[in-house]
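Please go over the structures that come below.
You will see chain A twice below: alongside chain B first, and alongside chain C after that.
The block that comes next holds the complex of A and B.
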């Protein structure tokens, strides 16, 4: 590659200009993935091209299996994971939905499949832009889900996914939500560490006595009836309780080894100190939001922004701790949930539930926007911030409002 | 989202840093460069160009991002598309230009195929927009073309402010999905940008980037210099150029739209006015109705059902639906009965049906047709076999390293 500038001899990381999907592929290379399966759908397909290129160039030694559809694609990786292979898979929109039967059982089998979900509207209408409803469809099933802001986080989150997902206390599949087009198809300069650093962070994949192998005779997922299922669900639930602690450990190691990652693994606080009210959301909408928060701060507004990184596990205690000091929170959902409480978005209602038992509850309002890849502009953020400001001041504002839709 | 003529003018004149400064003094704000290209055929070319703009900016310790958007989403063969590079002095300035499909103002627009210079409809629902719709005050439109300024200004719409037209001689460099046509075009365009807009990057900066790259040898430096030295610039005044007839499309509100994702269609035999083509066409067929043997191969094989059938069983072409794919010319069994001609030869005709001319005055029709063919006949090998390294001396193509094996340049 052309651009190999030493970012600092101490941290052994090089700078490269990459799209979000190429950044994920670099993490796949350094994680030394054993098996990947691919089936094209935009905007995920950038990563399958990038991984194929790494294999073709001899930079990654992995099985690359082109499936005949997403259902097989995810099944292949699920099974490969069971026999001890570190796997990488991914999809977008309705492709991810076509794999849903496999997706639904992977957490119960406790297989740490890592998937990049290039967020895309669920056709119909045939569309390619970002919407978070595709990945959110697995939110109740045991998939651990995070959302990234830029190409650097694509890389970082992928390494974190292997570390957290494969931890024996967790052993869950992890989905990395990458906003279609805005992150998957735009290039920025990222830092990539060398193999030695990555090896320090990421131990080899070891299923232990759950490895499906003739020398370890086990049978996975026999038929069960009402005498068994509930106990199996409770085991999965116990594991779900352990994920946050493992994320904290991994986060601390990540920061120590790579020198980045922020104060806390679950969310990013932006200009929240002394803020009266904040906007709250996931993914690339952070960019126009931060632009507008800076402008509003220049105008003397006490506004901030909180970007949620991990949606599952939902960091309810941690969010309660920081959010209850604000008077109002404006949740920006790049998703919809028809008929939900208050007819609000998915993140909105999860956040409301998380804060319900707090002694002091801020006003929480909701904005639904950016669907199907529509741009969320700083001007829209200005509008949303202003409504949130009025809510903080005790004014009566609509609880849920669609932003940027043509009437 | 600004979609119309107001785009390119969101910076008031009194705040516009182009005014009263030489270009190299203007570095305090983000700079945006667009590459307008033919989908798939020039995708890797556009990606290479964007990448190099950002890397050249790094030589000044600036940051950058590239944005690609599949226009006809997903990108298809020949459909006009755009990729962008935005560079900025710091992260915060750059952030304001991210998570967007396209910049509001373009400092430089590079049109990599002059058959798009009359405008493109890359955003699908916005109609055919002027090629320079978002070109800012004092911006530069760079066109690869062998046509003179006067001819290009017949099709490039005017702006309400002064701008610069830069012309780099050459034919469009077209490739395919899995190959990159490594003919030096990327380097020549970069050299031309360095020459006309050193505020984006200086020649020394882009040269340093190329020298850093082990895959790029001296030929590429020569190509850079060729673009730098050969580009011709013309200062264009406000109001100079073709009339700007673009009308921004008004999209309906959700209460006006039919429910359940339903749009009107047409009855059998009718043509859907929503599915007209325009800017994806680089060449068009012209027919000799006198040598036609009425075999109907063109009518059968046309993927867009452009061919009508007359009472005499002839097949006039409805150009409003023709993408210029050339299949009709390939399947026609009669030599020179259907000939593909560069679409820029039809600025005056537009999509007009010329069959009535043949019916009324065969001599005039043949005079018209022969003239078009003489001037603009497209031979397949004109595009795909020409040795465009020729500008740098003979035999360059054989001596240059093979960059086709790098998917980084194809993805």
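The block that comes next holds the complex of A and C.
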């Protein structure tokens, strides 16, 4: 890692204004994806419109199949991946659910499919806007899931996904959670590196002796039954244990080559130094939260914000290390988990589980808000921060509260 | 990106069983039932396709019973795919190979891509994906549907390919309802041919007639683009008969006309084997009762059930515009007078001469007549009414 290299990197990157989906498409181009398959559903489908145009213009050389449904869309990419093609796919909401059978088998086949999930509320009733329940449905299956904050992270996370997912120690599919509308359709200026820099970061996809080809006549996923399924599941679990180290390696290379990425690949700490309490969440809620944290800091409040970037693998040890220094944590879930422990959200309960064995456990409370694409405003974040402050001060506050619900 | 499919292997017809390749690419290791005529087409298909082949198998008998961890019968590379995913698995595999070869990431050579599915996976759940695959003419692939007329692996349940009236565990005869399976079997190869005019090759076969079946697999793989072969597989467990009768039943299905053998190549349909003889009037259809009575799944049939069944088969032969293939007739008259239409009609007549012969009732001849069907064809049926004598 040298300063010269970082300086050179900056010269080899251009700045452009684009949406989150367009940024993902640019990463798909630079990753030289071989096969992609499209099916329309808002809000993810902007990425396929962008990818189609890249192909039409000759900027990306890839097979492009418009499928007749998401099940086929994801199966097409899964099978292309098995013969050694780098693939890109994506969906949203109930489209992602329609592909769920394929989503279940892809991680157990250990195929590094990369999918953009334009997070969308599940039907019924219909809603275009963001909720995280669609992507979270695969949290137990081996999908590695991260959530991004803006178009730059859309681009960066896509390159990271290929690098981490295709690493032979990992070989898992990766889902990039992109909040519908707020990130998929919002433009920001992003830095796009040139091909040479990307090639330095991202080696070619190589399945090795797992390649399905007449020169390597293997049988993939024959019926195993009780004889062998435990061993196969354990192998998959062993791989899941390796993901964090590979993310660290990729993160360090990313920083060296592209000159950005923050201190820690798994989360971002915002104004947490000397904080008494923090808000905690994923995705686009970071923007109103950061705005409100700055305002509260101006008023002398010792508040901060921690944004979770990787939900799977869940960075339990790393979070324990940083979060146990606070008195209270207010987890903001853009999801729901009916009947779960404490009737709280998914992130809330995972975080509670992660910190349970800590010697000093902060208070953890939960806010459910921004469902169905409803905006989370700085004022709402102010309300949540205030409740968390009171929890930190030892006041008795509700463990779970829904935010901004009309009576 | 190129529009044309990659190079397809050119495989010559086998013509006789003695000339079939000795090499087996589907060997021991499977655990299918005695007399299973769904395992046999796997063996024949692999033999016909040869070593430069990737096989994708959907869930079903030929996965669960056939391809077991640590004892795979497949010598060629094989991969499981999901129940409804034969079409998409074949597309993805073929597209992956094509992209890698074009981009210089893999040696450029023709590789067969075959996705097999059962009647449940293909004719029911996976029909949309197969349809989509057959429209994607840029990819070489073969969808191979082995039709044993039920969800046989899961304990014999009714599928869209289960014959009318057949007993399955989902259609047991009872005190109130003798016939619980009241849907007529879908005509899948005919439907796919009718709806996918750009598909270069669609055929029906059966492992009971092995050379015909292998040659259809070879023709499909050599055609270039997406193709479809449907095979009827007698199933001792599902159809309730002694395993020694499997091949006999497969042949009877052809001889009674319940399952016609044909191939549709570049838009022209031709019958093959015994079906061709029947169509040319060189052989009479046997009463379908001969076929049904040999199977326990029809043991509850009464005379009226056999009569209904025969009537439906007769309709298939006498009223369909292409008997056994296109499931409707033409209401006419048709009067397309352009020069191109005349050329087309002449071509149709010539191309179909092999199966039409001089026989009246040739459907395409009706196009230039005053419409309707030539009822001589039906009147000429000397089989009589099989239900009348009961």
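Observations on the model:
As a convention for this text, the second predicted complex is superposed on the first by the 396 of 407 C-alpha atoms of A that agree within 3 Å, B and C clash if a C-alpha of one lies under 4 Å from a C-alpha of the other, contacts with A are read in each partner's own complex, and residues count from 1 in each chain.
Operating definition for what follows: contacts are C-beta pairs under 8 Å (C-beta built on N, C-alpha and C of every residue); 3 or more make two chains touch, one makes a residue touch a chain.
Quick caveat, the model's predicted, so the values are computed rather than measured.
Room for both chain B and chain C is found when the two structures are superposed via chain A, with no clash between them. Looking at the shared chain after the overlay, A:72 reaches chain C, while chain B stays out of its contact range. When the shared chain is aligned, no partner comes close enough to touch A:260: not chain B, not chain C.
Applying the stated contact rule after C-alpha superposition, one finds that A:53 touches chain B and leaves chain C untouched.
By the touch criterion defined above, A:62 reaches chain C but does not reach chain B. In the superposition on chain A, A:35 makes contact with chain C only, while chain B stays out of contact range. Legend: residue contacts after superposition of the two complexes on their common chain; A:233 is shown touching neither chain B nor chain C. When the two complexes are overlaid on their common chain A, residue A:181 makes contact with chain B while staying clear of chain C.
Working from the superposition on chain A, the chain A vertex angle toward chain B and chain C, CA centres, sits at 90° in steps of 10. Closest C-alpha contact of chain B with chain C, superposed model: 18 Å. Considering their complex, residues 1-3, 5, 17, 22, 42, 46, 49-50, 52-53, 56, 124-125, 128, 150, 179, 181-182, 185-189, 284-285, 287-288, 290-291, 294, 375-378, 405-407 of chain A touch chain B.
For chain C in complex with chain A, the touching residues are 1, 51-54, 56, 63-65, 67-70, 72, 74-82, 84-85, 87-93, 95-100, 102-103, 105-106, 111, 128-129, 131-132, 136.
Those residues of chain A that touch chain C in the shared complex are 32, 34-35, 37, 55, 61-65, 67-69, 71-73, 75-85, 87, 101-102, 105, 204, 212-214, 216-225, 227-228. If you check the complex, the residues on chain B that touch chain A are 1, 50-51, 54-55, 58, 63-70, 73-74, 92, 95-96, 98-101, 209, 212-213, 215, 251-255, 261, 407-408, 411.
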